[in-house]
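Think of it as A, B, C and D in the order they're written, each chain with its own count starting at 1.
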Amino acid sequence: MAQKKKVTATVISQKQIGEQIFDLWLETKLAKDAHPGQFVAVYPRGGSMLLPRPISICETDREKNRLRLVYRVAGKGTAEFSTCKAGDRLDILGVLGNGFPVDRAKGKHVFLMGGGIGIPPMLELAKAIGEKKQILLGYRNKDLFLEEDLAEYGDVYVATEDGSVGTKGNVMDIIKAYSLHADVIMACGPMPMLRAIKKYAAENGIEAYISLEERMACGVGACLGCVCRTTKVDAHSHVHNARICTEGPVFEAGEVEL
Amino acid sequence: MNTEVKIAGVTFKNPVMTASGTFGSGMEYSDFVDLNRLGAVVTKGVANVPWEGNPTPRVAEVYGGMLNAIGLQNPGIDVFIERDLAFLKKYDTNVIVNVCGKTVEDYLEVVERLSDTSVSMLEINVSCPNVKEGAIAFGQKVDSLYDITSQIKKKAKQPVIMKLSPNVTDITELAKAAEAAGADALSMINTITGMKIDIHRKKFVLANKTGGMSGPAVKPVAVRMVYQTVQAVKIPIIGMGGIGSAEDAIEFLLAGASAVAVGAMNFVNPYTTVEVVEGIEAYMKQYGIENVTELVGAVS
Amino acid sequence: MNTEVKIAGVTFKNPVMTASGTFGSGMEYSDFVDLNRLGAVVTKGVANVPWEGNPTPRVAEVYGGMLNAIGLQNPGIDVFIERDLAFLKKYDTNVIVNVCGKTVEDYLEVVERLSDTSVSMLEINVSCPNVKEGAIAFGQKVDSLYDITSQIKKKAKQPVIMKLSPNVTDITELAKAAEAAGADALSMINTITGMKIDIHRKKFVLANKTGGMSGPAVKPVAVRMVYQTVQAVKIPIIGMGGIGSAEDAIEFLLAGASAVAVGAMNFVNPYTTVEVVEGIEAYMKQYGIENVTELVGAVS
Amino acid sequence: MAQKKKVTATVISQKQIGEQIFDLWLETKLAKDAHPGQFVAVYPRGGSMLLPRPISICETDREKNRLRLVYRVAGKGTAEFSTCKAGDRLDILGVLGNGFPVDRAKGKHVFLMGGGIGIPPMLELAKAIGEKKQILLGYRNKDLFLEEDLAEYGDVYVATEDGSVGTKGNVMDIIKAYSLHADVIMACGPMPMLRAIKKYAAENGIEAYISLEERMACGVGACLGCVCRTTKVDAHSHVHNARICTEGPVFEAGEVEL
């Protein structure tokens, strides 16, 4: 794995692509090291907020050293990021965590499942997986984002909670509605969705990889802040806890308790 | 220019250490920092057996700092010696092991297991506010602090640092008790107990309700406690609480700390420790200071 | 929508007050804020005779807050009644007088002088860390706090608020002592003792060496202490420490404070008090809360 | 006196005019209320520094609602101000304090004395005093500032500590060197200079007004942070302390102990 670094990145562009959703391109050498499912941690500027905010890698342009982050304004830190303009500088820590096991998709039939602000990491993942794949996306309402970008890399199915676009419901309802099947699932989204996927995968003997979230402080495995419960004793911690920032954020669904 | 300091007979190449629990076992920050540049690596608290720690969320950001309620998750002394100490041995720096326990016996077991290892000092955590049993219970009362300190001193092969809690009326009383019981040094401060509430969900942000506050927000309290304690005891003090720059570190040295440790600010800038080392050197150069020890307690 | 709260029989139009010593006698901020909008104006500490206070520098900025060592400068109770109370009478708000002294007798004299005035409540400052005699000496020990509280209660014609110090091991012990002695309410927290050193001059920044820390940096400690104390006593609590927005104020209410006070953040934004009043109203509207009292202690 | 306000001002221009000395023009309605010797308090942006920094009014342009501040970078707050560019916004509190008693200059022979970063308030004062006046300025070295602006309003005499320009020494040495005389002195500068002026004025029966500095928190008289010792019991405090932010910053030299 590439060495982790704290670097100063330059904002190339930022635009709003949904209600409270922002699309940020940064120029940074970290782009070269980034794999799908990994994340960076972005530092707020100004001194009252100190901890960096973990944001998944949405897309990379390795040749131009560019990294794309797509995020929702969820609080003060992300609100501050949303004011960045081209030319501004942001400190970021990266590349962090272990991404999706792209190899496991080889020769398999794959679902990429993204719910809400879990959709962004699916883009870089979709680009990395050569196989034919179905991309299942869940949104709140017709305020879609990234679905056009994703459509370039697979068959996109959309569900909305209010039924305004595509299947009414969530990504699981898409599977039912279209009677879809997969050998491997790779997913990111809210906890209820991940729980449903874990259950569905277990019941159907499907290999599933899910990306988890937890509050982080260090992002590099030092503080033990960001753990999740594991079904077996974790090799590093020697207890039933794994660090999401280091062993994760992507776990095989059966390894973790949700 | 000489940045060497001596604490309880142990020589440190410079007065800059890591604060327990904020630097893993050193490995986690070795991508960023050459551990050979540090005075010491102080490890995460380790108990006689593995501890699961508290449920999540375990960390929360607060104004100018953070709360943590890790609850002393650790892999237990066996894995620690085998894996973490083995890793640290490769570096030319002192290793200080932070020791925790639920009962005095737990502490003693860890202390004994470490007796034939190469660790330079033991730091006894009697001040973690995030576990129900042990820890802070020993550190807030003069009698129990005296008792645990003297029992540990009887078994310990390495010099013993007692790590004090700031959640007390008069830290000098505790410091004096630890000194009287034979402690070789003190470290302070551990975290200050705090709380954060999510007003939209009407819930505690931390699963543990309360957590220990650290970061720049606590620095003035830490500097004050170091200064007060330096006036009250003769044993050396390792100062910490909000250090994020050489300026901060020098403030602690001037207040009387013999060495300093960098905690939460590692998370904000993973290069902090080495930047503090370099910044102290630059300050010494600027003011023509030969020995870093000249700074210790030099405020007036 | 009803923002009224009752504390010890006194009705406040809303739960937002000023913290003693940060709002002068109200006059100083009347250019910025309509005092009629506030639940109460809590005045600067007043003693039986004029006090000079400490030498300067008396204030210092720290990360996310400030230190002060004013040392309770005040014009004495006579001038206070004649000038400051006379001014405040013109407004439709409660007046709470913060009382300080070097001896119990000093406090009692002020309390008696105020007995036939229109002030709504007395807040007894037994927690100022910046004077050598009196003040904090009474507030850090269970016995002396019990004693002074009961003596004051005997003389006081108005309900008595005891203002507690955070510089203690267990604030609930002090709170229980004050309650047992008859206190009608508690306010917390006063400032946390801190220190700042100028590393270039190698001098204490404050002439008094130490000062009391306040501002956003102390909020997590204050919220925690309010929450703990609410579990330990039945009398109402006025919460303060770092409040600079309605969000902050609501955090204290959820933790169990019946009212809140804005201190150092007045210096950062002189409109803070009224903005907090308006922000609480907006929050109640957003969540369909009828009575502000529904928020008190509603964290889970 | 005009009502005090906290307002957001817009940076019109900023340029460096000496070693660590910056010249900042702000657009704000407060300009209309400003009198010579009064000050505003400028808030740092970002959350780790909270208290506003007191800066004297150097010049006003009432018609254009403009305020000029000239300041030295002395620490983190002023360092931050020095990065402001045209169009940036700064929160300021003002107008604060009592200025120089311009009336007392009527028909008198006046010295305006400024030392170092005490020079800026002399400019607005020089503009306000119609009388013929001598302006005595003390600098560290040949890195002069504002002396050309001041020369438009009176006879400027310069002293430098290293003797590189004008009289070697300080403003008191100018008086000696040129055998100057005045009925009234108005001054701002470092404490040793103010002490010397107080002594000189007392010995020569000259009326002297000096502007003092102290660490401030509120700036409006509420916190009692910024007091100076007074020779008599102060009318407001009823002790030997006066608030520099409210009763001052300008005091009659005989009223205060230095």
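One rule holds for everything that comes next: a residue touches a chain if its C-beta (ideal position, glycine included) is under 8 Å from a C-beta of that chain, and two chains touch if they have at least 3 such contacts.
This one's a predicted model, so the numbers in the text were calculated from it and none came from an experiment.
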> What is the touch distance from chain A to chain C, in steps?
Replying inline: 1
> Given the two chain pairs B-D and A-B, which is bridged by the higher number of C-beta pairs in contact?
Replying inline: A-B
> Between chain B and chain D, what is the separation of their C-alpha centroids in Å?
Replying inline: 47
>> Distance between chain A and chain D based on Cα centroids, please, to the nearest Å.
In response: 56
> What whole-number Å value describes the gap between the mean CA coordinates of chain B and chain C?
Replying inline: 34
> What is the distance, in whole Å, between the centres of chain A and chain B, each centre taken as the mean of its C-alpha atoms?
Replying inline: 35
> By residue number and range, which residues of chain B touch two or more other chains?
Replying inline: 63-65, 216
> Considering chain D alone, which of its residues make contact with at least two other chains?
Replying inline: 47-49
> Given which chains touch which, is the overall layout a line, a ring, a star, complete, or other?
Replying inline: complete
> Okay, in this complex, where on chain A does chain C touch?
Replying inline: 47-48
> Which residues of chain A touch chain D in their complex?
Replying inline: 45-49
>> Using the touch definition from the top, list the residues of chain B that touch chain A in their complex.
In response: 21-24, 28-29, 31-32, 44, 50-53, 56-61, 63-66, 68, 70, 73, 75-76, 79, 215-216, 264-271
> Any idea which chain A residues touch chain B in the complex?
Replying inline: 3-6, 43, 47-52, 93, 214-228, 236-241, 246
> Which residues of chain C touch chain A in the complex?
Replying inline: 63-64, 216
